[in-house]
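Following are the structures in question.
You will see two complexes here that share subunit A, one where it goes with subunit B and one where it goes with subunit C.
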Partner chain A sequence: MTERLGEIIETNSFFFVAESFTLNRPPALGELVKVPTGAEEWAYAVVTYGETAAIDPGRQPVRRSKADAYDEAVYTEHPELEHLLRTMFTAVLVGQKAGGGPSQRLPDHPPPMHYSVHRCDPFEVTQFVRKLLYLRTLASAQMLTPVEQVLAANLRWTYRALGETGREWLDGAALEVAALLQQDVEKLLGVLYAVDPEA
Partner chain B sequence: MPLDFSVVSREMNALAALFRPEERARLLREAQRALRTADADKVRVNLAERKERYPWLVAQPIEDGSLGETFLIPPRPAGGYSVAASDGSNIPPDRHSPVQYCILNTSQVVLAYGERPSAALDSTTEMLYGDERLYVEGVPLRGELLGATMAVRELEVLLETARTAPEPRAALLDGTLLLWRIQNQPDNIRTRFTWRFKKALDGFAAEQIPVLSYISFPGSRDLCNALRVALCETDPTRCGDCQSDQRELCEFLGGLRDRELLQGFLSERQRTDLFQSVSDVVKDYGDHAIHFCYMDVGGEIARLEMPRWVAKDGEALEFALSVVLDQCELSSDVPSYPLALMEAHEAAVIHTADRKAVEALMEREFARRGLHYARSGKDRSKRRRGV
Partner chain C sequence: MKRTRLGVVVDGSFTAGLTVRLDPQCSTEELHIGSFMVVEGTGYTYFCMLSDLQLRTADPRLLSKPAQDFPAFVARTLRGSATYGAAQIKPMLMIDNSEDEARAATGATPEERGVLAVRTIPMHYAELMEATEGDFAWVFGRPELENHFTIGTPLVMDFPICLNLERFIERSSGVFGQTGTGKSFTALLVLAGLIKQGVGVNLIFDAHNEYAYGKESEDKVWIKGLKDLFGSRILVYSLDKEMANKPGRSADSVLQIGLNQIERGDVILMAQELGLTATASATIGLLEDRYKGRWLNALLEMNAEEMEEFCRETKAHPGATEALQRKLKELERKDYVQPHMDSNLLDEIIQSLEKGRHVILHFGRHNSLLDYMLVSNLVTRKVREAWVRKTEKFEMSQQEGDRPTPLMITLEEAHKFLNPEMASQTIFGTIAREMRKFHVTLMVIDQRPSGIDSEVLSQLGTRISGRLADERDIDAVLTGVSDRSALRNALASLKLRQEVLIAGHAVPMPIQVRPRNYDAAFWAEMGVRGTRSDEEIDEDRDILFG
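Right, the complex of A and B next:
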């Protein structure tokens, strides 16, 4: 069983929003995650946005730190904050697995409301990113975070997740992004600088 | 426009002109000077020996010395503590609804500090219906009786909640421990409420959980009245004939509230001495005569009420008061208010959307059974507000 990261609280054919099980620590920007949609069936998505806010929209967070109690100590001094705040993340759907290997077609149905979002294990990541079509889906998605930053974050995250084979994959992915963003050199340079492992 | 603001504005000017700041400041200084030296023993003896009751509530001193003794509240208990808190909200029976019911929502909050900080924020919901639950001895459950029902329920739930809190622990309630809402009710109704209230207070005493109630911006005048008794040279019920040169000060005290007398008299983290309430309702409390003190919690004078055993147990009292002060300091607000009570309020409150949802559910339940859910015409016209 893979690690559960959060629960879906908003869902549609393009993306879902999930409440993270860990306050202040949603999955990483650009991380590949999955949601069960049936027996051995999964929807795959890339994390594009994270946010921590008050659960009750009528209550705004206020300053809690003191000279001798700040950062993590604020949470020790205010154990109730774990119940009053929540961290949410948005993930854009990029593929599915319905019998056989993963495909980079959008799932037929939105992932079910209140289902769990899981972490993908390294084998699944390797399998999924073998094809790079999903970068095209990601590049054309509507999102709050600048799209080139999400692309760069996904390339960085995947490079680290793949380990030894990461460098070879990154070269191919960078070429794919270059083809995608050829009309916008500024954006393209932004992605390439942001993913250069030697930078 | 339904409200004529020109009238309000004119009257506001007249109202503001009634406040004479210089004169008030002079008399307040004089009152605070008098409080510092006022003889507590004189007040106590006077209250004990007097056959005719005072026409006002008078704080009964329990120690000798002056009425104006002050004490410093100790800092947060070393090693941490936990605090349980409870508050309530309700949907009262609605006269315009075809079905009579009442919903009580009582919060259960525990905040624990120290090596293992934790929080539990919850509430317990009850729905009351049927004549035996919507009437108390034939009197409908609304207004003061509903208020008293909530007060009793909050104390009972607080006891259950406090039992789950890790030690050392204190329990905090919003409002007063004096069931004044039922003081004008017939004996059979008073007994029903005070029996349950007293039983809950017994529970706190049996488990040695110090319980306090917290009154923010208190409107009481018990201490001002005690000071009037201390100043009085004759009979405090014959004020019309008074020839004393303290008369002006005494009359000023008659219109003053304890929080106003103590603002600037107490320093931050200080409290007054303890006093016993002479309210009539306390007579039915048995061993749990309600004691109180005032405390400067930072930007406000708050009133803390407690049963006798807490007032008499120095260690429990110091602990509970330091918990209250620490909770106020954690609130990050000025004037401050105990954090546990703030969360207890938030956990109890029934928002407008929830109220509407309850009614919609009731309407649906009626429709499912083929019943017509008809509200009154007056209520319908208020909701539609057609033009």
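Right, the complex of A and C next:
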């Protein structure tokens, strides 16, 4: 069983929002995650946004630290914070698996509400990123984070997740992104500078 | 055969050619202007020539960024995407994709191999591929085919490119290139091929003593001449009595010409060399009227009174006549010129040619332009008359046995005979313009093609050209050729040595070629004397002398 990361609290055909099981530690920006949609069926998504805020919109967070107790110590001194705050993340849908291998098109149905978001194991990542069409879906998605930063984050995360074969994949993916963003050189350079493994 | 992909067609038109976006891994540096490539369309495979390479950017903002600011990874990624190479290619020929590749090996002509003139263009995303050996063979044929002669190899590959000799000799041809590009070696190759394969007969005016006998090349290698290679199949007529008797390079005959054989046209051709004025032609006309064929002898023998009398009677200008006599005395002083000669020697040359023996006119020490122009014009005039008679006879009888053997006349320094002022008057101009129908063609060799009359240039069937620096020369070589802009780039990109562009009648499409080496291996292939082993020579001696 793969690791569960959160639970879906908002869902549609393009993206979902999930509440993370760990406060302040949603999955990494650009990480590939999956949601079960049936028996042996999964929807794949890339994390594009993370946020920690008060559960009750009427109770804005206030300063809690003192001179001798700050950062992590704040949470030790105020255990109730775990119940006042929550961390949420948004993931853009990029593919699905319904029998056979993964395909890089939007799932037929939105992921079900309250279902769990799972981490992908390295084998699944390898299988999924073999094709690069999903970068196209990602580049055209509506999101709060600048799209080139999400692309860069995904490339970086995948590069690390793939281990030894990462470098070869990154060169190919960078070319794909270059083709996608060739009309907008500023954005393209933003991605390439951010993923440069030699820097 | 599997081809390597270079890019895809993204734009183009039938008239302007196709634009290919090069694949990221294909560097522009790997491609050479003028090279032969293949585009795989859906219905047809197109044989193309690379005419231009361009560097492009998808976003012009990229151009304003200093390149050295890009880390290696960024620069590498941009190459082939936001910045990319584009190739302009010109489809020249095509084949139906349903053609069997086996046919490529068997057909004797491009038509029989299924190669068609290009009539359409491929759609977007047709793939540009590197040509394979099979593609070259498909278009240019294999050396085993009849009348096919290996002239060299493609610039960056190593397999034979063939010239169709029968087609080569069918029309006049030109070998051009600036000094040092190896014009005479290329001409030697072609001549050796023609003689070896027995396609037509050759009359060669060897102005610089390059073709008959061995000489030292620019690389200090001793190379064989045609006489060394083909022995008795070649007859050498020398103007130079002394050189003709030198051991090892003796001529078969010494050529002498008589003043009675020189005609008005021969003299007018040399007007510049002799310093003749515009009135000379008129004066000679008057002399001819009175003395007929002996006019030159008569003029040179005149004393003052005789000349005065002649001028009075014919209304010739005395000053002009006197000047003409003085200037034409120079001809008399040539030691190969005799007061009177019957036509035996010239007839002998014609008979040898008719029997299929090749004739080289060797000038030896008589290598001034005057000697060259006088003798070559005179000899060619006689030979042409003979061929015209033969053709007329053939047309009357329509017997295959009467068909004249195709004759090719090799002419160096062609611009002297074929410049715009002369081309209409000399026999060579006539041959270049219309003599194909009399089975006589020219192979002109020249380093300044711009000096040749454009009407003559446009009649050339096959052009073989080394590098040319002058724009006018390049224009001249391409006179009367389609797709000039593509060929212009191909011509300008040649290296100074060992690279030529061949275009025209003897090749299905223009091609850049590295001519084969004129060396021992080539001589051996020509089946040549002097390449036999000692044992073979001993064997022959035993047979002869017991």
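Following the convention adopted for this analysis, the second predicted complex is superposed on the first by the 199 of 199 C-alpha atoms of A that agree within 3 Å, B and C clash if a C-alpha of one lies under 4 Å from a C-alpha of the other, contacts with A are read in each partner's own complex, and residues count from 1 in each chain.
Just so we're on the same page, a residue touches a chain if its C-beta (ideal position, glycine included) is under 8 Å from a C-beta of that chain, and two chains touch if they have at least 3 such contacts.
A quick note: this is a predicted structure, and the numbers were derived from the prediction, not measured.
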item	value
Joint occupancy of subunit A by subunit B and subunit C, clash or fit	fit
Partner chain in contact with A:R64 - subunit B first, subunit C second, else both or neither	first
Subunit B versus subunit C as contact partner of A:L189, first or second or both or neither	second
Subunit B versus subunit C as contact partner of A:E82, first or second or both or neither	first
Which of subunit B and subunit C A:R119 touches, first, second, both or neither	neither
Subunit C, subunit A and subunit B - angle at the middle CA centre, rounded to the nearest 10 degrees	160
Partner contacting more residues of subunit A (subunit B vs subunit C)	C
Contacts of A:D56 with subunit B and subunit C, given as first, second, both or neither	first
Which superposed partner A:A178 touches (first subunit B, second subunit C, both, neither)	second
After superposition on chain A, the shortest CA separation from subunit B to subunit C (Å)	49
Set intersection of subunit A contacts, subunit C complex versus subunit B complex	none
In the complex, subunit A residues that touch subunit C	171, 174-175, 178-179, 181-186, 188-189, 192-193, 196-199
Of subunit B, residues touching subunit A in the complex	111-113, 117-119, 121, 330, 332-333, 339, 343, 346
Sites on subunit C touched by subunit A in the complex	24, 58-59, 61-62, 71-74, 76-78, 80-82
Residue ranges of subunit A in contact with subunit B within the complex	56, 59, 62-64, 75-80, 82-84
